[in-house]
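Take a look at the structures below.
In what follows, chain A forms one complex with chain B and a second complex with chain C.
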Partner chain A sequence: MSSSSAPPDMQPPQMRDGASAGPPIDADRPTGGRLRLVMDRLVTGAVSAVSVAVALLTVSLVVALLVRSLPVLGLQSLAEMITGTVWHPLQGKFGFWPFIVGTLWVTVLAMLLATPACILTAIYLAEYAATGLRAVVRPMIDVLAGIPSVVYGLFGVLVIVPLVRDRLAPAAAEHLSGVPLLAPGKVSTGYCVLAAAVVLALMVTPVIISVAEEVLRGVSPGVREASLSLGATRWETVKHVSFRIAMPGLIAAVVLGFARAFGETMAVLMVAGNVAQLPGSLFDPAYPLPALIANNYGEMMSIPLYDSALMLGALILLVVVLIFNLLAELVLIWARRRSSQ
Partner chain B sequence: MRALMMLSAAAVVGGLLILIVVITVQGAGALSWAMVTQLPSGGYYLGKEGGLLNAIVGSLLLAGGATLLAGVLALPVALYLQRDYGGDTRRANLVRMSLDLLWGVPSIVYGAFGFTIMLYLGMRASLLGGILALTLVVLPIMARAMDEVFRLVSVSLKEASWALGATRWETMRSVVLRQALPGLLTAVLLAFGRAIGDAASVLFTAGYTDNLPQSLLDPVASLPLAVFFQLGTPFPEVQQRAYAAAFILLVLVLLVSVGGRLLASRMSRFSADR
Partner chain C sequence: MSHISVRNLTVAYNGHPALRDVSFDIPDRQVTAIIGPSGCGKTTFLRCLNRLIDVNNSVRVQGQVLIDGEDIFAPRADVMSLRRKMGLLSQKPQVLPMSIFDNVTYGPRLHGVRKRAQLEQIVERCLRMASLWDEVSGRLRAPAAELSVGQQQRLCLARGLAVQPEALLCDEPTASLDPISAQSIEQLFMELKNDYTVVLVTHILRQARRLADYLVFFYMGELVEHGPAQQMLSNPSDPRTRKYLEGVIS
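For the complex of A and B:
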């Protein structure tokens, strides 16, 4: 195209550019040369390297916390610390039992409150609700799932705690005295197991509903229609067909909610009362493990072994949550295998 | 049974709406122009004048930095999970499972982990430390969301690109990334919303200060911690400010979250083949 006879400075620049990038030259190497392939290889390598590094993060979390908690583990056995009931850092006594029990009380109660309501709501949204209603509620629930936990905590302080203190605790003292677990021990401040559980229950609802609804909608319409065509009512279809097929997914949804509630820190810290004792009733304060870690980060460097003990607390939390998530994962994998057979 | 279901749906949605209303009423009542434009002055925590600018700026910096960093890491991970790279190999499944596990790790554990690493490196509580801890919190959220988005890109589009002789990377860069852009933006905004509301991870790592940070190594305030600390004081005026801080936080999160969804639905109209 470009003539070699013409002096270079007389050619307009555009023409020269066009010539050098023109088809005849590129046609000699249709793949664009090695560079493109090298680039492709490089990206593949980088992408897989980053992924493996991220995957290794789980291991490094455990290892780092384990290394930090070794000093205290060298002094006392793990079993001794987990079952110990005395928490007195100045004397070097680190008994985690009250905190573990506090966490379990709050979390289990929260799940008992949240699970039935969440599953029913998910069934309603997935099987009954009109498309228009669902189109409004579904994104709303996703948005609500993003509300920060301090906001839930503040709501607990403003609404739930006064409600428990002024209404529920006096009522329970009047009607339920003598009933174990339900009768208030002494005058309740409102900052107690029940308040924390209600706040946590409210917090995990969007998470559980979101997953559970998705699982229920994943049940194939063919199966559902077969049941309906046999004359089953909607509820019978839900109970005997959808529910049964979706069961593993629903269990996974609840376990995910449980793990979320178990590790939740700020909301619980704000309403649980934080007294290191074994709660005797729903109206007693509790001191869950995450709250313990968050509350004492300031002074933990000034007392020997204190930081090590708190890191052990974080490690216990991590291991429990990892086990629960692994279980949920295995249930889901098992369900997928079963349904593909 | 149906009535019971509607009842529980109403209870759940109603409870959550009451939460928003209570925070809005209490917070908006306590909000003033000075709250969002001034730094805390002397005696602020006894009820004297000043504002929350330190926490607002701090939170935006923390969440912005963490979102950026997590995005840079999550994008390759999400790409790797596609059939073009990792696909269904054992290694990709391992990565996928690790992400699920990391997603469930409590943020206080990330805070403790970040703190451990910072002790090892001899770092003080700082903006950088907070960003790193928050990055860990949002990384699995973002990677999973991006993975979902990439999955929606149709295979025929990719095949068309390969058929023209484009390499995997060229296809990813010019076809898949472009097609997935609205979804990716939503994922980024979701992660930002999560990062700005997280308190437990920055508690150890970012510290708290009344000043604006001058460098990455300065400690920095954040809105969730502003709520927490001010609520803990015995003065009603200061507690009022905690409500205001919570309201600002709630508005930011809702704006980002709703905005992200609207953006995604608006932009998905322009990308065909959905």
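For the complex of A and C:
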């Protein structure tokens, strides 16, 4: 071997020494090849099976609701029920429009109230707050996220509803008369769209702040420092750099909040007033879909088709949420594309 | 008297000193190379010069850094205009999440330049100075992240030049670059030092030899030796400097 024509420094000497080197590793054939391949197949199979099961669950949910709503769908057209404004089960009138509008009003208003405050709080915590303050505030926010919704509902009944009834509604009646949506139609009981939206906004706040802060903290310090070192202020850096990079994540945070707000039942049911009519102003009562289902399912089931109509209500809620998620997904794709530029 | 002078600068993170009582003058319009083993405080020193050290709130700075005779750590000091005066080039290129054009105009727009024609002029001038113009002039609207790493570093240089700084602070600016890109950055420093004071942190002794007019050696947070590069490289006075230059300590 020493007489071979290759120069001696072609290979490190210990590699030539068969005794000290391990068995040769063939790159094409992994060690213990068969077993590892079998394991790989098994895991792949298991993972796909679980994903398919989850997808099937969603589909079966839709199918079950659809099957149970067939009786009422056989009697009235879907379009008629969705756009119908009269809810009178005894007369066989199932108009869902007030409930759909109630759900949208309460949810959208809650998000309008919550989003700016949450994003600003997240910015403060991520970029401005001293480490000590943050260490105190973060756990408090996590505690808020864990409070059961019925407690938020009670808080709404005890604090928000009287506040709306005694202060906000009279003030609005005095200063905003004639303004559409904002002027109270009649004397407000306090159980209304606004109260429900405020309670809902309080509920989604911890979720949105938590996620948004995490996202903002994920922005690399290097890019932020590049902006600062060009003479940008902290706010300019947040606005032009952190925000841009974090935008997809911030949108995801708000979407998470929306998803929670749409389906929230208990707290809303306790303060929304639950009157099956189209709300004309923020101070009118509303009757969101989840509250309708929770209040009535299992009761008065002797009324023909009532049960089927509630199932249709659940299906409509599901579809509204799915449509919303789809739109959110599109916005997210757009934001990702934009923030990578 | 020189433009930038450091007086008794002491910096501690959470009570652990990273720089101890550093005093020297940084010569104007020359390349000052800061050398020393890892962890000796080079980055800390550089971040003091534009007060980027402030973003860390567990840090404590004592002593003074005088620029034109004014202490930049004085309570009334204008941090924004200080940072504008002291351009920064970091080890890894940090492009902003926007187009090539917007990266260069980011600083000027913050400082009030609004006219389109003027911004375009700035972009061309700075990209030419960073010898990037020929490579990107056709795609100024493309996201900066699409550039190669070497191009990104030159873009960062152009971006820093666009706010018309007086000094350039460079923290191992060629460390993440390929040899050709590194060479072109070094070439740029040779040209820029006629107009700018350049402070260059480097681990590469040969780079310091090639570029430095003035040399500063830190060791464990202390300023051990500083002086004209030729003299210090050929005849260091402190044994620790000699050992470092010989590669015994690193």
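Everything that follows uses one rule, which is that the second predicted complex is superposed on the first by the 267 of 341 C-alpha atoms of A that agree within 3 Å, B and C clash if a C-alpha of one lies under 4 Å from a C-alpha of the other, contacts with A are read in each partner's own complex, and residues count from 1 in each chain.
Note that in this section a contact is a pair of C-beta atoms (placed from the backbone, for glycine too) under 8 Å apart; a residue touches a chain by one contact, two chains touch by 3 or more.
Quantities reported herein were computed from a predicted structural model and do not represent experimental measurements.
Novice: Examine A:158 and indicate which partner it touches, taking first as chain B and second as chain C; both and neither are also allowed.
Specialist: In the superposition, A:158 contacts chain B only.
Novice: Tell me which partner A:73 touches in the superposition: chain B (first), chain C (second), both or neither.
Specialist: neither
Novice: For A:144, using the defined touch cut-off, is the partner it touches chain B, chain C, both, or neither? Pick first, second, both or neither.
Specialist: The first partner, chain B, only.
Novice: Using the touch definition from the top, say if A:322 reaches chain B (first), chain C (second), both or neither.
Specialist: After superposing on A, A:322 lies in contact with chain B but is clear of chain C.
Novice: Which partner does A:241 contact after superposing on A: first (chain B), second (chain C), both, neither?
Specialist: In the superposition, A:241 touches chain C alone.
Novice: Would you sort A:82 into first (chain B), second (chain C), both or neither based on which partner it touches?
Specialist: neither
Novice: When both complexes are superposed, which of chain B and chain C contacts more residues belonging to chain A?
Specialist: B
Novice: Under the stated touch criterion, which partner chain does A:108 make contact with: chain B (first), chain C (second), both, or neither?
Specialist: A:108 sits against neither chain B nor chain C.
Novice: Considering only the touch criterion stated at the top, classify A:223 as touching first (chain B), second (chain C), both, or neither.
Specialist: second
Novice: Once the shared chain is lined up, is A:231 touching chain B (first), chain C (second), both, or neither of them?
Specialist: In the superposition, A:231 contacts chain C only.
Novice: Looking at the complex, which residues from chain A come into contact with chain B?
Specialist: Per the stated touch rule, the residues are 30-31, 36-37, 39-40, 43-44, 46-48, 50-52, 54-58, 61, 64-65, 67-68, 116-118, 120-121, 123-125, 128-129, 137, 139-144, 146-155, 157-159, 202, 205-206, 209, 234-235, 256, 259-260, 262-266, 269-270, 290, 293-294, 297, 310-311, 314, 317-318, 321-322, 324-326, 329.
Novice: Tell me, which parts of chain B touch chain A in their complex?
Specialist: Against chain A, chain B makes touches at 1-2, 4-6, 8-9, 11-13, 15-16, 18-20, 22-23, 26, 73, 76-77, 79-81, 85-86, 91-92, 94-95, 97-110, 112-113, 115-117, 136, 139, 143, 165, 167-170, 172, 190, 193-194, 196-200, 203-204, 224, 227-228, 231, 242-243, 246, 249-250, 253-254, 257-258, 261.
Novice: Could you pull out which chain C residues touch chain A in their complex?
Specialist: Touching chain A from chain C are residues 50, 52, 55, 57-58, 80-81, 83-84, 86-88, 90, 92, 94-99, 106-107, 110-111, 143, 145, 156, 159-160, 163.
Novice: What part of chain A is in contact with chain C in the complex they form?
Specialist: 130-131, 220-233, 236, 240-241, 244-245, 339-341
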